[in-house]
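Quick one: this structure, given as C-alpha cells, is what I'll be asking you about.
We just call them A, B and C in the order they show up, numbering each chain from 1.
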Amino acid sequence: MSATLEKGLNAFKEVIDTPIASYFSSCVHCGLCAEACLFYNETGDPKYTPIHKLEPLRRVWKQEYTLLGKLGKMLGLSKPVTDEELTEWEPLVYDSCSMCGRCSLVCPVGNDITYMIRKMREGMSASGHAPEDMKGATKRAIEIGSPMGIKWPAVQAQIKHVQAETDIEVPVDKQGADYLVLMSSMEIINFPEYLSAISRIFKQAGVSWTLAPDAFEATNSGIQIGASDLAREIVSRIVVAAERLKVKCVISPECGHAFTAIRWEGPNLMGKPFGFEVKHILEVLDELHAAGKLKTRGKDKRPLTYHDPCQIARRGGVVEQPRRLLGEVAEDFREMPDAGVMNWCCGGGGGVSANSRAEPLRLEVFKVKKRQIESTGVHTLITACANCRIVMEEGLEHYHMKVEVLGLTELLAEYLVEGE
Amino acid sequence: MNHLDLLTFARGSALNWALIIFVAGTVLRFFEIFGLSRKTDLARPRTDSPGSGWRTMLTRSIPPQGMLKREPVTYIAGYVFHLGLFLAIFFFAPHIEFFRSITGLSWFALPSALVDASVVAAIVALAVLLAHRLNNPVKRMLSGFGDYLAWTVTLLPLLTGYMAYHHLMFEYTLMLSLHIFSVELLLVLLPFTKLFHTFSVFVSRWYNGDFFGRKGVAS
Amino acid sequence: MTITNDSEFKAAIAKLTKAGQRQVGARFAESVLALCKDARVKHAIATAMRADITEEELAAALDSAKKASVDSFTLCGKECDWNSQAGHFVAEAALACLKSGTTPAWDAAMHARMARTSESIATGVGTDNAEAAVQYRILAEFMKD
C-alpha cells in the first residue's frame, strides 16, 4: 500500500462514526436516493446513485467495524479498497455530487448520504484522489488566503471603487462593531455590487459593521475538497479576527458552502463553540426588515422567481427569509416547482464548478434547473449565492435562455430609500 | 424422525437457539454501531426548528414531495409488503398466543381472513419488488447476493405460513415445522444482513432528523 | 459644462434619453476597451455607439455582449487572473449600456471603472484610478454635441 492510500484508508476509518454506522446498517438498496439526485435524474446513469458513490467507504466500515466484516477480512474473503478503485470513484464523489442534500431528505431509512460524502472526501483527498482544480484552490486558500488568489490589496481596490460609487465609507478593522462582514472570492472578483449594496443598506439601517483585512474570505475549499485540517485553518482566521474586533456576529455572504463552513462546521472544526453568532446575510436583512429598518420604495414589475441555494435552504434552514424580502420588492414573484427545501441544485456546488473536468456533466444536468425556470415563464431569476449565480448564468447561456440572474441583496439595494 | 418430533424440535431447542442468536446478534450489531463515537455538535442549533430526530423517525415513512410519482412501485409495494408482514406477525391469533407464552403479554387479534388477505398481498408485493429489483437499472446495479438472500428468507415465512394455514402441499404438521424453521432462519440472519434495518432504521432516521433539525429543517 | 463629481455625473446622465444613455455608456466602455481582447465586445460597443441602430442590431449586440460576459466569468475556485477579469468588466459595461434597465449609462460607467480597477490590481500599480475623471470628460463632451 502506498503511503497516500494508507493515509486515505486511515482517514476513512477515522471519519466513520455512530451515525454513519447506522446509515450503512440500514441501507436496503432501494435506489430511491438516485431518484432524488440531480445527476442521476438527468443522465439516467445508475453509477450516479448516491449511495453507490460511497461504496469504498462502506467496505472500510464493514471490514473494520463489523464482526462479520472483520472475520471476512481475516479469512481473506473481503475485497480491499485499492488505489485503482479510488481513482475510479473520484469523479463519482467530486464531479457528480455537489453535496446538495436532496438524497438525504429522501432516503426512506433516513440515511444522510450527503454527510457521508463530506466525510468520504476526507479520505479521498488524503489519498491524493481529489480533482486537480480543487487541490489548486485549496493550496491558494492556505497560502494566499483565498482559493481564487485574492489578496487584501485587491479587496482594497474594490472598496475604493465601491466608496466612490456609493459615497459611503466602508469600515475596516473597526473595533467593537456589531457585525463582521465576510465576502466570498466570487463576490470580490465578480460582484462588487454586493459590497456596494451592503454599504447602502447598512447605512440606511444604522448597522455598525466592519471588514477585516486578515479575514475577508468566507469560502472554505477545505470543506469542499474534504480536508478538515485545512478547513480549520481557514475558519480560524475568521474566528481570530472576530474575537480581536469583539464583534457580536459574523455575517456569511451570498455563498452557499461558506455558510455551511462557518455556521455549522466552524465550531466543530475549532473544537469549541463560538463566542459570537453567525448569520447569513439573508437572515440579517430579514431581521432588519422585521424591525422596520429596511426601507424600500416601489416594486420590481418583472415576473421573477427564486432559486434556493442548497447550502442555505435545505442544509442551512434559511428558506422563508428570502421570500419575505422578495415580498417587499417584487410585484410578481412566482415559485418554481419544488421550491423551498426540495429545490434542485444548480449543479455547481461543493466544488463542482471549480472542477473543469466536471463541466460537461454540470452543463448536462442543468437541464433540470432549466425546466424549473421555464415552467414559471419568467425572465428574471433571483438567488443568494454567487456561485449559483455564475453556474446558472453559464447554464442559461449554454441553452440560449433569455433569463437574467440577480443577487437578492443587490435587488433590495435597488429599491432602497436612502437618506430618510 | 416423524413429523411430530420434528415440530417439537422446531418449537423447542431450534427456536431457543434461533432466539438466542437473534438477540445476541442484535445486541452485537447495536454495540458495533454505538461503540463508535459521535462528536457533540458545537454549532449553535436553531431554537425554533420544525424538525427533530423523533419527528423524522416517523415522518420519513411518508414519501417526500414529488417522489411517489417518480417511484410508485417501490413505495406502494414497499408499504403493502411491510404492512402485510406486520399484520401477519403481530395480529394473527396463533402468533399472539406465541408471544403470550414468552412475554405474558397479549392483545386483540384480527380476523384470520383479514390476516390471510394481507399475507397474500404481502407475497404479491414481494414478487413485484423482486421483479422491479431485477428490471430497474439502479436497483439491479445496487443488488447482490445479500439482497436476494434477504428477499428469500423474508418470503419463506410468509409463504410457508400461508401454506400451513391452508393445509397446502405437505401434511400440516410438517408444513408447520417448515414454517417455524423458516422463521428461525429469518431470525438468525436478520441481525447480519440488511434486514437489520428493522431496528437500525430508527437510529438512522433519528440522526438524520437531528442533523437537519438543528439547522431548522424538518427532514 | 464641467462635471466634477458623481452627483453631477448622475444628474447629467438622468437628463439623457434612453438612446443617449446607450451611446454615452458605450463610450465609457470604449474607454477601457483596450483591456478586453474579445472581438465580440468591440463589435457590440461599436454598434451601441451609433445613433441609427435598428431593434435587430440592438438585440444581436446584446446577445453577443452577454455571451462574451458569461464566457469571461471567473468560476468559483479557479485562480483569478485580474487581466482577464478586466476584460470581463468591459464586456459587462458593453452589456449594461445595451440593456433596457433604468440607468444603463451609470451601470456601464461603474463596470468600466471596475475594469480599470481590475487592471490596477493586475499590474499592482496603486488602487486609485482616474477613470471617473475620464468619464466626466466623456459625458461633458457628449452632451455638448
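Note that contacts are C-beta pairs under 8 Å (C-beta built on N, C-alpha and C of every residue); 3 or more make two chains touch, one makes a residue touch a chain.
No experiment lies behind these values; they were computed from the predicted model shown.
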Which of line, ring, star, complete or other matches the graph of chains that touch? line
Could you tell me which chain lies farthest from subunit C when each chain's centre is the average position of its Cα atoms? B
Two chains sharing the most C-beta contacts: A-B
Measure off the straight-line distance from the CA centroid of subunit B to the CA centroid of subunit C, and report it in whole Å. 67
Just how far, in Å, is the C-alpha centre of subunit B from the one of subunit A? 38
Whole-angstrom distance, CA centroid of subunit A to CA centroid of subunit C, is 31
Overlap residues in subunit A, where contacts from two or more other chains coincide: none
Interfacial residue positions of subunit C with respect to subunit A in the complex: 6-7, 66-67, 70-71, 73-80, 82, 85, 88, 110, 113-114, 117, 120-121, 124, 127-128, 132
So in the complex, which bits of subunit B are touching subunit A? 28-29, 32-34, 36-39, 41-44, 46, 49, 56-57, 60-61, 64-67, 70-71, 74, 78, 133, 136-143, 147, 192, 194, 196-197, 200-201, 203-209, 211-212, 215-217, 219
Which residues of subunit A touch subunit B in the complex? 16-23, 25-32, 34-36, 40, 44, 46-47, 49, 51-52, 65-68, 104-112, 115, 263-268, 270-274, 277, 314-319, 338, 341-342
Sites on subunit A touched by subunit C in the complex: 133-134, 136-137, 140, 147-150, 153-154, 156-158, 160-161, 164-165, 167, 184-186, 189-190, 192, 219, 221, 224, 348, 351, 353-355, 386-387, 390-391, 393-394, 397
